[in-house]
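Supplied in structure tokens, the structure appears directly below.
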Amino acid sequence: MTEIFQSEIIISEISNLLKDDKHVAIGAASPIPGSAALLAQEERKNTNLKLQVTILHSQKFNNFTDGSRELFDASAQGRIDTFFLGGVQIDGQANINLVGTGRYPKLDKRFSGSFGSALMYFVVPKIILFREEHTPRTLVKKVDFISAPGISPPNIYRPGGPKYLITNKALFSFNKKKKNFKIEKINPEFTLDEVIKSTGFEFKTNKNLKYFTMPSQKRIDVLRNLIAPKVLNFYPQFAKKLWFN
Amino acid sequence: MVNFTQITVKDIAKEVKDNCLLGIPADYSGVPMSVTIEIIKNKTKGLRLYCLPLTTIQGDMLIGSGCVNEIETAAVTLGEYGQAPRFQDAIENSKINIKDSTCPALHAQLQATEKSVPFMPLRGILGSDLYKNRNDWVVIDNPMNNSNTNDEKIVILPAVKLDILIFHASKADINGNVQIGRRRELATLAHASKKVYVTVEEIVDEDFFDSELKAAATLPSLYIDGISLAKNGAWPCGLTDYYDIDTNEMSKYAKAAKYQETFDEYMRDFILQNNYSNI
Amino acid sequence: MVNFTQITVKDIAKEVKDNCLLGIPADYSGVPMSVTIEIIKNKTKGLRLYCLPLTTIQGDMLIGSGCVNEIETAAVTLGEYGQAPRFQDAIENSKINIKDSTCPALHAQLQATEKSVPFMPLRGILGSDLYKNRNDWVVIDNPMNNSNTNDEKIVILPAVKLDILIFHASKADINGNVQIGRRRELATLAHASKKVYVTVEEIVDEDFFDSELKAAATLPSLYIDGISLAKNGAWPCGLTDYYDIDTNEMSKYAKAAKYQETFDEYMRDFILQNNYSNI
Amino acid sequence: MTEIFQSEIIISEISNLLKDDKHVAIGAASPIPGSAALLAQEERKNTNLKLQVTILHSQKFNNFTDGSRELFDASAQGRIDTFFLGGVQIDGQANINLVGTGRYPKLDKRFSGSFGSALMYFVVPKIILFREEHTPRTLVKKVDFISAPGISPPNIYRPGGPKYLITNKALFSFNKKKKNFKIEKINPEFTLDEVIKSTGFEFKTNKNLKYFTMPSQKRIDVLRNLIAPKVLNFYPQFAKKLWFN
């Protein structure tokens, strides 16, 4: 069997999380979620449950025609099942910080900004938090700045919110009522103890803790032969580094 | 040949006055880089940038060149080329003010001006620190009984009118109509701006309104105050159906912009050997 | 041949349930007359019509046929062919409820649903008797300090979500995308509807998204629940680039609709000899 | 000189009212204002002050691309200089009624409805009221239903409002401060007394009262040769009756 890259395993895991979706949207700077969504779409091509994938930074995979506000409008209308958000920091209550570390506004380290998170996190039913780096620096007890909160009081309109968090070490689910993460799957290269040590917040452990599933050779073939060339179109740097170097 | 007065990129840059509120299109909407260079050469000061909803190299260059006093945006980033270094430096060292926002809020504030209403409501936002740092945003109790959320709190955002909008597009027709295709956020930006200037790759010998299909992809001349030809006007950013982003130049910029000295050096070269015609 | 399940005009009419809130496009937006006839044949009852922003023969026929319980509209008229007689009769004799509105309010209420906000503000309206008769409209003090009008009063309008929208258009592509051209109010209507059905003159063997120009004129399939072929589907109304309004038929209708008896007679003939194929 | 029709004189008078405009918009069922605007546009074709004319019910003379809401948005933005409104009834305070006569909602006689008047009347700087029929039935003391009010208190945003009222008998100007109409011009076929008797409200008379200006032969030629064929495209019934029967 050919060597399987770390990123490909995560792509495969994310792809599994999309199985009942009808429409997945991919925002800025999300090559791994984008690849995962296109993979799921390809694998369901000949089934009754087609998957629509909208990749904002692509011409071809963007079926919106009402300008760049349409993603937000369509999401608020409840037409997008899954969206991905990242975070410079993510904390145990699923608050995300895309703005920077230190004391706002004069930050120690400024990052890009909150993008559409302050609406998307509220309205898309299945938000998957994705951050490759899994360290006490990224998964923190409390974020320095809340770009978008993980939970909201009942007098705030909030049909959507966090469902999963996936990193290069583990997959977590989020429990809205208990306001905490539970580990679901672990990268076989790490122990649970190692994951606990690299996580700045407490999370619930799982008696049925599973390992990341190795993608089948068939899936890897689909990914490399059919998906990679598509990704090259709109995330050229990422695709070149992973598949075309 | 054309039924409107064609102007130059320099003419457009002159319309960008010190301290004005300047509309900044996203990287996918047609970045007016040729005009950006002229603004920098003019040493324009105190600009307030309103990004719909983000900016990449255009905003970073303007900030690094000292033209900017304030920025309202959902993000500044070089995308696949990393963080925006001059922006980071400016924030970390309090050189500019920032009004951190979120994409749909930046859209809604312009839509309010488009409809000439004083505000727009928007869901989300509450519980975010964005709200805490915006004294122009107000929370009210939803005055409607039509919500399933009891005692709902909702944010209202002020209408924002831009002083000037500049973007780059593919084509203008002989009557000064501009093709924007699916980039309809440019229409919202234009509707909400006092002045609108456009650079284009080409001016074509037809009237877009003679075809229903082309008309649908058009921003009508009634919103446009001046048009200049500027081949490769978005370079090193891309333009749909014309050219892709210049990955080499973007990498070069991302590296140079890390430090003010190397940025300044880069900008000296960039200005001298610029790739735009019809300036 | 096509990648979606084509349905019939009858299938679409069956989706129009008694008492539902039905979106009605203006005479220039593609009037779905072929489906309207089927709705009348189905003896559908209690319809609530939401017109964007007005209706002509479609609304008048539905009202005259006893399908309508309520109408929210800025106008019902036969345009150059005079007043809408069955509508007039229904109002003058209290046969239906009316929510008299004004065009921009009808747009704004759908835009609120498009953005999933509970309300939209709109200027104007105050001092009009329209406001007095709408208990779903609310006046508030402008909570923003950005207005030049002191102590400004402003109307806010509720978000309205349609149960179902039906319109007629020129073309669908093989993937079920529909060409709407400049008729962008159809996009707003679709965004604000739970179900959307479209009749088209033709289905073409291409994907509109393969061309940036065609994409710009397209309502994407993601908002569409079903498409039926219906040649002359807007007749006797017109359809841009396909056919003009049928002036003879409109004059004939305007005359016949003056009295319920002659209207009923007209409708019997109209239903029998209808001009649509692919029912 | 050829016979000049009554409607042509009114078209000519309206055309004179548009002289400083940059953009005139024409709404539903307005063939006379539409003809007047196209005439003004044609006569200014070779000057520096071009006139943009948007006729909503035309494909060719409609330069909007944002759907049917654009007229209202553009007007609210202050981009339309002149718009026309009619009325089943118009009263002395310039209130207009497009809804019907009698007691709302069960009216004696229902008309089409208020269209966009409840916004347009507030935001377009020069609203020209146009109603051909000039009788005590149309020009009334007080309208039965206010579709849009002629004047507003200061706490209502109102950059626009009524400037003129033109009928087949007279042209009036409206004084916003004094809240009344003043007669400016009279159709030479009528006396001032006749006009006063056919008007249900009181209006200010004018020492310098002028007559409707007869359009020059040149203007009539332009109207019949160049404008009439255009009007035929989007107001076929009107154009046929007046010019092509």
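Each chain gets a letter, A, B, C and D, in the order it is written, and its residues are counted from 1.
Here is the rule we go by: a contact is a pair of C-beta atoms (placed from the backbone, for glycine too) under 8 Å apart; a residue touches a chain by one contact, two chains touch by 3 or more.
All of these numbers come straight from a predicted model, not from anything done at the bench.
S.K.: So which chains count as neighbours of both chain A and chain B?
M.R.: Common contact partners of chain A and chain B, which must touch each of the two, are C.
S.K.: Could you tell me which chains make contact with chain B and chain C both?
M.R.: A, D
S.K.: By the contact definition above, name the pair with the higher C-beta contact count: C-D or B-D.
M.R.: C-D is joined by more C-beta pairs in contact.
S.K.: Averaging over Cα atoms per chain, report the distance between chain C and chain D in Å.
M.R.: Once rounded, the distance between the two centres reads 28 Å.
S.K.: Roughly how far is chain A from chain C, going centre to centre by Cα mean, in whole Å?
M.R.: 40
S.K.: Rounded to the nearest whole Å, what is the centre-to-centre distance of chain A and chain D, using the mean of the C-alpha atoms as each centre?
M.R.: 58
S.K.: Which residues belonging to chain B are in contact with no fewer than two other chains?
M.R.: 104, 115-117, 122-123, 147, 152, 154, 182, 184, 187, 212, 215-217, 240
S.K.: Name the residues of chain D that each touch 2 or more other chains.
M.R.: 59, 64-66, 72-73, 76, 123, 157
S.K.: If every chain is a node and each touching pair gets an edge, what shape is that graph: line, ring, star, complete or other?
M.R.: Drawn as a graph, the chains match no named shape, so other.
S.K.: Would you mind giving me the full set of chain pairs in touch?
M.R.: Going through each pair of chains, those in contact are A-B, A-C, B-C, B-D, C-D.
S.K.: Okay, in this complex, where on chain D does chain B touch?
M.R.: Chain D reaches chain B through residues 23, 52, 59-60, 63-66, 72-74, 76-79, 123, 157.
S.K.: Please output the residues of chain B touching chain A within their complex, sorted ascending.
M.R.: Spelled out, the residues of chain B in touch with chain A are 26, 28-29, 52-54, 73-77, 79-81, 83-84, 87-88, 91-94, 98, 100-105, 107, 111, 122-130, 133, 147, 149-154, 182-188, 240, 247.
S.K.: Which part of chain B faces chain C closely enough to touch in the complex?
M.R.: That would be residues 104, 108, 115-123, 136, 138, 140, 142-144, 146-147, 152, 154, 156, 158-159, 179-182, 184, 212-217, 240-241 of chain B.
S.K.: Mind listing the chain C positions that touch chain A in their complex?
M.R.: Those residues of chain C that touch chain A are 113-117, 177, 187, 191, 209, 212, 215-223.
S.K.: In the complex, go through chain A and note every residue touching chain B.
M.R.: It comes out as residues 28-29, 56-57, 59, 64-69, 72-73, 76, 98-100, 104-123, 145-149, 152, 154-157, 235-238.
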